[in-house]
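First subunit A sits with subunit B, and in the next complex the same chain sits with subunit C.
Entry: the complex of A and B
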């Protein structure tokens, strides 16, 4: 019998080359792909938004976002994705589809999106300048604070964008892009950021 | 002073004499300084002739010092970067700059096309409508090419642009156009209020007219005040100052377009940098402080090199320390023009005379004249003696009828100022006439926008500061910012008196629009011929339609029209103003979206594996799909595809079908929902089963098809065609949210979640047994045709298995989470090795579906009904569904509709081509006898001949009939037989086996 190995391969596996890119010197942008995460779409059943909210609070200890926000729970991030729906982003299977199914039984429909998206973290001095080339969202600190989220598009590609916790005093923006578009968007981001210099990496851990 | 810059002053100006720059104009070497424009450097070098005019090839010089320049257009740079019609007046000088004059042959000095002037009588307004009418066929072959050679501007590079362009969004409370006194004051007030401010200045230095005209503000010199103000603005965190940036348009919802010339001032952009950047600025408020444009007076010879706008002359002398002439005459109809005489005297130049069209001149200016020893002539310039080497003598018609002559090598002209009303008028605004300044001023503006300063008709320095400051403060307050605006900058207002004068009658050509060579007599001719409306005047004479959009000519043109038609200027009105304010390169609008990045691309989960296998990819919408996998020695695609088909039909192959749209349909009412969107029933589908479904548009035409499986009582997994994936998702969301909100159903796109492969061929089960956990029953009983369920794979991974077939073979589709997609492709190769597994591409997929008679995109073409496709029986009569009623319309159920049928040439060796029209035997090809066409073709390895599907009138009743395939596109006409559309395994035994 043949030996089968089931290696996972990120949609950015080939396009992502770790190291510096573009202009030399101090990189203005850090671009990190976060790999191997669990992502579940939670959509309230008709008239069950209240029950879904209650179930969310009971399970995660925080309320589900009702406006475009990303809410941090102990070991998951709940990201608004539309009226009465949100995404659960986590690692290590603790909030994977099978684990959440009993939590939301009867109150929400769940759909696994773990492999449907690539997760890219954008930070650095030039993060806003780079994202301004890609997104029509106003990312001014006074407008798009920590935890702000948007379901929007970049380069004609649907993305979920949210601001994570600051790192070394700099804002961190996360974006989830559909996996089959990921390589295309990745190249567009690099094109846009080349003038600032980019440090490219990938990580198994959330930023 | 350096080299040949004979017309450079020894000191003063905003140029850096320690930074000399070499450049070439028409191959000749010159030098200038940092801070120069190409135009100012040419002025410093005494170059007066810079181009030839559009139609008459008349010698032209530099008229202005800004973006309104009609004449001094050059080809800048060379090779792929050659850029025609670049304004020398805004092009910044850089080391090694190369520029060439335009529209001359063989040289600027000796231009054979200037004989066009001799034929001037036939080049009048609308000449091409009148002169080249007959014979009609001569137009394309002879007249148009000849005119295009003779008339025109610069040459395009003709090569791909090597530079990159960017598009950027910006957001602010207040965007300000222009950094003159009004713009800077507006930025101060808004910035101090705490507003987020973007200040756009098209020049590379801030200050606007202050740079040339100076003045005293808050007791400081203009330069000191600008420096202090800019320092204050730069210290504010939310004020962004953008030089080399023109705000060129205003769009809906407070969105503004701006073009930033990031690296136009360098020979080539530094590595990784863009050439230009297009800004889309979303602003709550906008202050237009774009200033005003000095307007010429139209008189004979007004296009002679050396005739220059008075304000431009001040710019060259004061800002660039470059003297356009040694002995200057000034022709003005207003007080402001006199400043040029003051400037000339201060620079040590001679003033030959001031010709003032007004009845009175102020005592101050009289004493200036007597001190300077030059005459003040009351009257108008009626002619200019001079040619390509510039102005020599000026003829003056004195008030009262006498004539005078003035010897001068430069003539400064001021006809007053026109506020830049473009931005305020871009939403169909019509500016209003103000008699006191004889100019149009904004009359309202798009929502959120206000004009201030000279752009609003306030020409005094004090008024500009006041209006700008107040507009900035108000804009910030309206945007919700309430900080302390501090004190307003203060300056005196100079008096402004003007006697309107547009056109001085006289002998010789008097140009209104210098770039398009439109003369005053052209305007008069248009009026005589009935083109009195300004919109007609514009199109008939092409006045204002050149790259400068008539910035120096439109108002004069309509003033002349008003005079000859006996109407007032406001009665005559203005043409509609449209963006962009300055030309914007298409490359900037495209940004990164060019070449292979024209649009986003989508890659399948096995893309890189397929690339390793040497697959040839085809663009399918946004997707790159493996089309076939050539092997060494295969001579063409057909050989590869035929091998792939044979391998599947005789053994086993697989194909990545992840491009199909995939939608999770959840909820207690999922089945009821699908019953309404599909023509056939899905609520009756058992869990663990798949069913082919067809959905219609509201109008009864087929929308899309695909298989949908029931994975749980409240969970269906729906698939769409590749092409319609996004559209079907939208359609279903519309149905869910708008049409059937009462249903408890939830939709999620999972297209990207699953890597899905079709595995087909008689040895499919053998292959699957290798890879699927042995505990799973894959027998015909354990996993029958149209079964669908989750299975465990060897190694523990879970997959979904669907027993569906598009090829007509025994087949399964297997799906795994997408990050396992590449591993799946590799493992299918390993598992299938003993059975000769063959990866196949979309071509083989297409061949097998045609052999099997399955319809696809060419048949689901937006005109066909379910019955046309042979699927009419699927339309349930037990339920309602979208499109049911409209599908019953007479025309959609007519018996003579074109329906899907098989087609094969009677000559087995002949190639069938899609697009060929079906004509009955013995009939003449043409619309009357056209009975349909061939939609899909392939070479069938099974039948060893070309076959196809077609939409043919009553096709299914005519099986066996021989008809003609008429293909005028390829010049072919041959006999074909109409046949059953299912060419292969018509009873379906193979896929059920």
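Entry: the complex of A and C
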């Protein structure tokens, strides 16, 4: 049998160039790719939504999101992705697929999405102005507060969008996008934000 | 046109895909009944019940009551089977 050598790398490996982009001066946008995360899709089996909810509470200590929002547990974030389903985002393997499988045995179907999505964090003065060019979701703080989430589309691409904790008094928006669409969306975000100036980076830490 | 998804809220048309008439029910048997079910549709001018798919959002199927003359939408509800909680035990 042939030996395969898998080279794990980000879907944005080629597109992401660390440093300043676009207009010079104080950057209006910080664009950061978050790498090396665990992501598991949890979907209730038919008629088992109640059992899934109980299992979630027992394991994470918080209620599963039943409306579009992102719920912070001690060491994971549960993000609503549709009726009776959510994503578990974490680091370090503590809530990886094999750890969650016994938790949701019989109540939910799990699917490992860790390497199937790219995670992009958008923050800074012009974060909302940039995303407003790509999204029809109302991101005004009065409507889309910390913890708000949406399963939506940007530039004809399905994304999971949620607002994380503020950083330096500014809103932080997180985007999960299918790996094969990540480069396209990345370029679209850069085009939209070029007029504000962008600081591009990647990180192993959640925003 | 916008559709108020019962799961996501109000969204633009571009996030949805149209399937068609939500009225026809799959017949148990009978060649004529199956022919009607597969091929024949009423061309409704007025209020009709339609299936829409929120593929650009929560990926749920919806049943939308829409006036084909005015595009006015009077009701949106989950289609049968959308969301595991709604079905059986």
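Note that the second predicted complex is superposed on the first by the 200 of 207 C-alpha atoms of A that agree within 3 Å, B and C clash if a C-alpha of one lies under 4 Å from a C-alpha of the other, contacts with A are read in each partner's own complex, and residues count from 1 in each chain.
Methods note: a contact is a pair of C-beta atoms (placed from the backbone, for glycine too) under 8 Å apart; a residue touches a chain by one contact, two chains touch by 3 or more.
Small disclaimer: the values here were computed from a predicted structure and weren't measured.
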Inset, instruction - With the two complexes superposed on chain A, say which partner A:82 touches: subunit B (first), subunit C (second), both, or neither. - result: second
Legend entry - First, second, both or neither for A:123, with subunit B first and subunit C second: neither
Inset, instruction - Using the touch definition from the top, say if A:199 reaches subunit B (first), subunit C (second), both or neither. - result: neither
Inset, instruction - Have a look at where A:152 lands relative to subunit B and subunit C in the superposition and call it first, second, both or neither. - result: second
Legend entry - Partner chain(s) touched by A:140 [first = subunit B, second = subunit C, both, neither]: first
Inset, instruction - Give one of first, second, both or neither to describe whether A:46 is in contact with subunit B, with subunit C, with both, or with none. - result: both
Inset, instruction - Give one of first, second, both or neither to describe whether A:68 is in contact with subunit B, with subunit C, with both, or with none. - result: second
Legend entry - Dominant toucher of subunit A (residue count), subunit B or subunit C: B
Inset, instruction - Kindly list the residues of subunit A that each of subunit B and subunit C touches, one partner per complex. - result: 43, 45-47, 136, 156
Legend entry - Complex interface listing, subunit A residues touching subunit B: 1-11, 13-14, 22-23, 36, 41, 43, 45-47, 108-117, 132-133, 135-138, 140, 143, 155-157, 178-181, 183-185, 187-188, 191-192, 194-195, 197
Inset, instruction - Write out the stretch or stretches of subunit A touching subunit C in their complex. - result: 43-50, 52, 68, 81-84, 136, 150-153, 156, 158
Inset, instruction - Provide the residue numbers of subunit B that touch subunit A in the complex, in ascending order. - result: 164, 166-171, 196, 238, 271-274, 280, 282, 592, 597, 599-605, 608, 622-623, 658, 664, 666-669, 714-715, 743-746, 748-755, 770-771, 793-795, 797, 817-823, 827, 830-831, 833
Inset, instruction - Sort out for me which residues of subunit C touch subunit A in the complex. - result: 7-9, 11-12, 14-15, 55-60, 78, 82-89
